[in-house]
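Notes follow the structure.
By letter and in written order, the chains are A, B, C and D; residue numbering begins at 1 in each of them.
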């Protein structure tokens, strides 16, 4: 397929590369130039609109709602140039509200919109091991299956309404974030009682919960390996805002998400925004008077 | 071994029965009489002290700190009659403070105290599939291994200090409780967005988190099967109080435990204290304006 | 002065009327027509831009950020038609972010922007007893003093930066909201202990805290007089969102604001959004198993 | 009257001195000796029981429930030696549960128990400006009026049930604590937006809320005058625990009290337990990345 890929961050670049290897013809766009060098054979476009101009499918994998809005609705954006009949596959974790607006805007122009957020960190993206949750018009989703197969280990179809994929992704990330937060609190408790966190985890998760999530993050936190980040803490804040927004829209309080947001803000205020989001555990540790890991100095503002 | 078993609730009775089947000679005590009928061959004692009088080991499995205090320190309690050299195996989920007091009191009398709280619900107890976390004097723990093997599928030894087993159990239950609470909030969110909770769980846990905890409780909550309870909500409140107490003792805030406590109290105020503790999800559901399961009327006060 | 008044809600109408009585020449605009009937002598404009076209000052008193954005930046909005040298006095409680954008936009066109949010309910507006907090260019504020004197009992000048008035108003409302929330929780506690809330308030506030805020809201809550509302609960939610946003922008967690937001959402989910914002106390009451006031059915959607 | 005064802390000593000046005959007891030196004419007893032995009234003003329990129920305690017909006036802020137990125990012995907690800091105690809330048998309260008049500026009678005075005091302190917490959060917000807290307070409280509580604590916090403490932070934690306990007993969640407890624990973990309880504001300040006041080193453990 002729695929336009927009957004070459650590996730997007790996995903685009997997599309290229699978034989798809790529045109790519990234706000900061120079990211496409490793994508041999890809055509580098100067604007999102140029990338999308003759594509059968546009795949976007961006940082947040604002980036998606600019890319799609901005001047020289995707919306104006994407040919009728083509499909926009939005893989960014974005708000359910923006997801709905994208669906309506593309539909109005005879284009299709498929929301297809992913679960997985950059390592999974490189290994084509992402889990993809797709929602949108069935025919459009079917046309994109070869793309999904090149990028992930599985795709779940959620039905016609793209917003439902957004909600599932947001609620899933909320579960994940709350597991990390709870680990942080539990670790502070056991450390203050002189019980080794690694031993605690080995018993409680190894014998009982048996979740790879606790396994992975439990080790990262116990060893304070927050840098380099797999997923940045300030992105964790962004995703928590999405959960709160999705709750607000339907009058659903999410008190644990409120607490997560407060702890992420504290982490940002302490300069930990560029660390892995599991560094939120250091908020609980320092609140308990533990020294906690000394997070490396944040990189210069960007 | 000659074993005194104190506390024949739904957990204790199953555990005692497994000890009996393994060939141990039982004397038993339960505050409410008549529970020992199915334990053929067991000697029924009129007081904890009588049960313990010639035991090599006393196993206690009771409701809470108060019950343990009465059983051990009360008149005709275990402490006075247990022979020197014998061991008290405390399997109740109890405070780390009481655990410390028991250790000191037994040691002062030449007896040994082993804290050995368990993970698992009554079904696991009946199947001898409990996970046991033991801490206390190594020799005493070793002598009790045949008992642990009769009741559980594994025992983890945490070292000489019994209070550490209490802390591990308390922190483990806190993780468990917070997973249930988070599921409740996430379900409220997806339900209000017309996404089926069962489908949400299938994808998020089935593909990603792969935890039997989410699997089990996710189904119970989705189907509102809160009665009969596997573990009563008011006991969940009790365990959360233990977590807060353990945090308070070492100046460790546990904001998620604070939130759990508030939600359990609300559940009790609504008459749901005798339901399964996963009925706390109904607090989140009703806060979101969802009708939630109608919990059956609570049984008469006991 | 020639004054354009935009927004004739229960606050705005009273404020405009006081300007008229003080002899100012009014042109008015309200999205829903027919509100200006009692303002004899006022010229009714068809658009905000028409109202502002020959004004020396535009006063806007609207529902929220969205209404302000439309009114100012929309086509036929204030920004395009307000003469250079004239001043826009924004009295709406709005975000500090929008306040900053308004200041820049007006300045760019040679107009002045003064943020002048008010404290007080409709009764105070009618009696010209509002407290006004003004920030913006000193000369522009001075020109508007006759207007402030006609509408309020006092004006405090906060300096050149309009955003500071927004922050003060937002933080002040946050204090107010948290006093109401705390009263709600305290009342639930004393009611469940059979202590009369009115008696509690009489002693604690009458003797100690001596705040008219506790006095007023304490009575409203004790008597469950939530309808008609002085300030609607859904507007309380709006203001709490502004506090959270203002905190988020500078990485400042406000855990009590998070809790307020969750309780307002629950109140909205229960259909109490059109009641007085002190009806948030009913969230605490029902969580404690108290029947709480039965809020009247909400009016038909608008 | 012949009055036994138990507990000569900074509050108790001032109160006892006012009783002495009013002409009452004092026998006093304090756990740490040497505190009674300034009370010329007072008889110093070696035990609470000795102090109470021929008293018409015992007044106790102690640190917490544990101190009250020891003083009353301990060997050589008040309960055994107080003559029948005499009254015990409990002025300590204590749990409603212990209040109930004291009432029953004294009544069983033909003695009377009056709960009479006070509002006010040491300065108010010295000036005989305390507010006293009394509950208990009407005749006993009437007999104690001369004592109340010597110590306070007013006494409110709450009825026959002493536990109601405990609940009122606990709920009142909860309101107070939540006002301080909210100030701390609001100050963090305005400071991060470069708005002077003192100016904020001057407008918001000076014009609107007009509460002496905000006035006093607002200044203390703005100037970081946390040492010497008027009321120690660790006592604030104690009182918050009482509120949570009183809520727990009647299944009433108090989410703001939960949050207060978490913040006090964090303050204790940071070594601020001996500072004034308004130092809890520094928890909010540091969470926002503000340096906050450097609290002086805590005094050596006592």
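The rule is short, and it goes like this: a residue touches a chain if its C-beta (ideal position, glycine included) is under 8 Å from a C-beta of that chain, and two chains touch if they have at least 3 such contacts.
All figures in this text were calculated on a predicted structure; none of them were measured in a lab.
Of the chain pairs A-C, A-B or A-D, the one whose interface repeats that of C-D, sharing more than half of its contact pairs by residue number, is A-B.
C-beta contact counts were set side by side for B-D and B-C; B-D has more.
With centres set at the average Cα position, the gap from chain B to chain D is 37 Å. One inter-chain figure worth recording: chain B and chain C are separated by 51 Å, centre to centre, where each centre is the mean of the chain's CA atoms.
For chain D, the set of residues that touch two or more other chains comprises 247, 251-255, 259, 262, 265-266, 269, 287-289.
Contact residues of chain C toward chain A in the complex are 241, 247-248, 251-255, 258-259, 261-263, 265-266, 268-269. Those residues of chain B lying in contact with chain A across their complex are 96, 119, 131, 133, 154, 156, 158, 163-164, 167-168, 170-172, 174-176, 178-179, 181-183, 185-186, 188-190, 192-195, 199-200, 203-204, 207-214, 243, 246-247, 250-257, 259, 284, 287-289. Touching chain B in their complex are the following residues of chain C: 262, 265-266, 269-271, 287-289.
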